[in-house]
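Take a look at the following structure, please.
By letter and in written order, the chains are A, B, C and D; residue numbering begins at 1 in each of them.
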Amino acid sequence: MSDLMQTFPIRKIIEHGPGVKSFYFDQTFEVQAGQFINLWIPGVDEKPFSVSHIQDGQIEISVKAYGPFTHRLMQSQPGQLLGIRGPFGHGFTLKDRGLLIGGGIGIAPLRLLARQLHERGLHFVSLLGAVSRHEIIFADEFERLGTCYFTTDDGSKGKKGFVTEDVAAIIETEQIKQVYAAGPEIMFVKLKAILDTLHVPYEFCMERYMKCGIGICGQCVLDDSGIRVCVEGPVLNQDDLQDVTELGMMHRNASGKRSI
Amino acid sequence: MTRFLGLKPDSLLVLASGILGLTASSLKRVIDFGAGAVTTKSFNLEVRKGHKAPSIIPFKNGVLNAVGLSNPGVQEMALEIEKFKKRCDAPLFASVFGRTIEEYGEVIQQLIDRVQPDLIEINVSCPNVRSEFGTPFGDSLDDTARVTEIAKKYAGKIPVSVKLGPHGPGIGRLARVCEDNGADAITAINTVGPGMLIDINVMKPVLSNKTGGVSGPAILPIAVKSVYEVFEHVSIPIIGTGGVTGTEDAIQMILAGATLIGIGTAVYYEGIEVFAKINRGITEYLQKHGRTSIEEIRGKAHE
Amino acid sequence: MTRFLGLKPDSLLVLASGILGLTASSLKRVIDFGAGAVTTKSFNLEVRKGHKAPSIIPFKNGVLNAVGLSNPGVQEMALEIEKFKKRCDAPLFASVFGRTIEEYGEVIQQLIDRVQPDLIEINVSCPNVRSEFGTPFGDSLDDTARVTEIAKKYAGKIPVSVKLGPHGPGIGRLARVCEDNGADAITAINTVGPGMLIDINVMKPVLSNKTGGVSGPAILPIAVKSVYEVFEHVSIPIIGTGGVTGTEDAIQMILAGATLIGIGTAVYYEGIEVFAKINRGITEYLQKHGRTSIEEIRGKAHE
Amino acid sequence: MSDLMQTFPIRKIIEHGPGVKSFYFDQTFEVQAGQFINLWIPGVDEKPFSVSHIQDGQIEISVKAYGPFTHRLMQSQPGQLLGIRGPFGHGFTLKDRGLLIGGGIGIAPLRLLARQLHERGLHFVSLLGAVSRHEIIFADEFERLGTCYFTTDDGSKGKKGFVTEDVAAIIETEQIKQVYAAGPEIMFVKLKAILDTLHVPYEFCMERYMKCGIGICGQCVLDDSGIRVCVEGPVLNQDDLQDVTELGMMHRNASGKRSI
């Protein structure tokens, strides 16, 4: 694979839940869980997405309909050509006794992480949360690979509430040595507070508005550290995040101006 | 230590405009990695989203970009510059542009009402704005003269560098016009072209803007030649920019006549480490050639 | 088989001017290696030695050249063209230039008094002659119009292609002026820049002429964009030239709107085998995309 | 080494005979006997020269003063920086029972050939000619490596006459299977006639006016074959030379016009 733009046909599309679809492409590169690619709909736009799975020579991208780009993507058909650049950035480091914490579509990169941990025989536990039962995607896959805890806002699966509420307890019971998280930024804010207190090392898969993916435009840079999410991230650990002052706050949109 | 318009940057390498130049944190990090000075992304009065992605795309020998001068506007950038100045002593160059000649004056006014950059760089040469504003001001001797004049008027005692491209009526003549109208320095060059990349499977241009300026290794000889030509036409200092990714490239720029060296796309090819690497390389080069200072070889290729 | 101005070259690849274009034997060999047509080195009335060496020098991402339009003059070249025509049926394009606008007419006159090339290519865009003859004619809309007019007058029924560069007042507008004055085709582009390389040990420019035009991979995006722009401005066919070293590059040119594809510096990077290689690549590409003819995708990137 | 221009200091200069000097540079590349480099005197000009020797990590270029460039070269001093590009072209193939025929400065590339044949234990005989005794350079080196025949125009060393006169006889006596030659073109014309009749395979190290050295300018191309001396040559064999109609005739100067 490379940073140069190349186009590939969509091999298969599978719908996973309300507004979530997976797109499959021939695998032409190796990828660490947490790394992302830039997906180009020719003539439309280009946006970053995590690789959520690799199997049978295909890579899988799992997308949640959100705004204009992702809605357009939902309408695409197998055989259609999309541009792929990447993989970009640094992924998760694979350690034993991990706790994987995922919220919403953030579960996508954790799915590949779970697979890679499992393949290396590393033990882990998952804690997945969403608004409701239907939005917890890939639940069965995580369950097949190890212990799973669930939380939903409406209590329709697992415990009613947020993933952050039970983290301390799970770390204790499951003798967790490493936390991996991906999901909405507000989740990171709460997790960071808990984990810093418990002194458990962690890696968060961050999202920021991206333009170049190759570390030059400055669009994805974090205050105050100056770290580029597209190069040094998207997976950042407790040390990388030490000097980040903007966690959960406004960050930059396409103009570079701060917004929520 | 280098001397440039009364400034004493720790290195003669300057971060070029548009690269990692949106925020104080980003600019500060580049200084920590060895840059002597940093240039902000070009900004104007408005908040501009720029072109849709892909807007920055590597090809085999360089990078094509059409970010479309996206920027958060002068107010937000002034805040970032202020933040930078609080955290860091290194010189900061503010790059500005206008959709009209008058806007150059206004944006400088609004900027220096809020914060004092060490230099104001006047971007008259971005090839991407052609379709939007007609040809760049930098393609016309008259427009370049007027923009320079107005920039100088509003900049007051802050020095002004005009950033030129290799196109138009000849960069030497353009530089002369800038000098005649009070410019304190010339930045040469902006991106080249523009160029286009077409994906042969979907049969469409890759950049959303279709065309974009070429930067990186592909343009080094054009940049070196531009600096050489500017050096023959003016006596104000030059920030030699374009395709520098290693020590040898940087030395070529100096020999052609550059006082400072702009580093942009090299950050993609070599990482932010490129600043420290070239700093080290220049020191070694001077030692090897028995020189005590870079001044001794500046413009030597003209002899 | 491709159709181009009534010609039916066996391949849409044309040897570009200045590459292996001095003698019948050399041109013939390039045809044997798979070119559909060949262009001679540009010649004029006089015998020109050109610049001293180094006059052609590779750099990291391309080649810099300032051969200085060396050529054996129209008389000798006419002999070689005649010899070629005796040995080979493939179309031959004669590239001519003049030191004055009138000389373009004279050299064409003297040429066709002796031999009939299949096309006359008018070189108005060589960036190397700047210092000698002032700026190239191709930097001026008026000069380009006049050269085209005079060339058409003298060429009679032999078709004329005007070779343009990416500089000057915009290649689209230049092409329009050529079409308006009767040009039958446009060749786009000549070398870019010019550029300069400085040896950092001897601290001197490497080319004896100091500056030279940039060709090869570095200029591909600029060439593609130029062809794309010309295609939007005129309806005459385009010989898309610049930086093509492989099949993908060639297809980009076609999608941008080229009818034939010029191949120059690729001979350095890929050997003379490059013609056969790209011919094969294009056939495979058409098969893969279920197309029966290249015509079906010409200019497709404009849709 | 590379096609890109690089500059190197002259490490040593040795005078070999009237108007012949050798220049030594650090060896930064491998070279086959017969290949050449382009030598640049900064600010002056650039011309092709064979590598005549490699020893102790240095390459040696042996030059005969001729016109403006070579005279200028004679004035250069150790330590001075010269540009070198190359090596270019194809060299001699190393075969057993060779006859090395050299005339004048053409002896230079044969010297490296002799060395390389010797190193591989291949048997060979040399036949060297010049105007007079002083102009036969490196005679002792050839003599040390094997049987040597000499001819001079004035008879001051070896036989009086031209190298071509004794070729047939030597091939017979020494059971020669391969001829290698380098020298003035008129020598090639005569040799070709003799060797084609005897059906002995041969390789000639050709010289043509060169500009680029990289096969694009067309300056060095041979009629009628279209062969480029800088790429397919400078060493060409009996097959390559079959279609060459210009041997010993006018060839092209800097303008591309034919001259002697």
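Note that in this section a residue touches a chain if its C-beta (ideal position, glycine included) is under 8 Å from a C-beta of that chain, and two chains touch if they have at least 3 such contacts.
Note that the structure is predicted; figures quoted are calculated from it, not measured.
Taking the definition of touch as given, a chain qualifies here only if it contacts chain B and chain C alike; none does.
The minimal number of chain-to-chain contact steps leading from chain B to chain D is 2. Averaging Cα coordinates per chain places chain A and chain D 66 Å apart. Look at where the CA atoms of chain A average out and do the same for chain B: the two points lie 36 Å apart.
Chain A and chain C have Cα centroids lying 51 Å from one another. Among the residues of chain A, none is found touching two or more other chains. Multi-chain contact residues of chain B, defined as those touching 2 or more other chains: 59-60, 197, 201, 204. In terms of inter-chain touching, the protein chains here are arranged end to end in an open line.
Contact annotation for chain pairs lists A-B, B-C, C-D, with touch applied as defined.
Note for the complex: chain D touches chain C at residues 3-7, 38, 40, 42-47, 81, 83, 85, 211-212, 214-219, 221-228, 252-258.
On the side of chain C, the complex with chain B involves touching residues 59-62, 64, 135, 166-167, 170, 192-198, 200-201, 203-205, 210-211, 214, 217-222, 224-225, 228, 248, 251-252, 255-256, 285, 289, 297, 300-301, 303.
Considering their complex, residues 18-30, 32, 41, 47-50, 52-60, 63, 67, 70-73, 76, 197, 199, 201-202, 204, 206, 208, 264-265, 267-268, 271-272 of chain B touch chain A.
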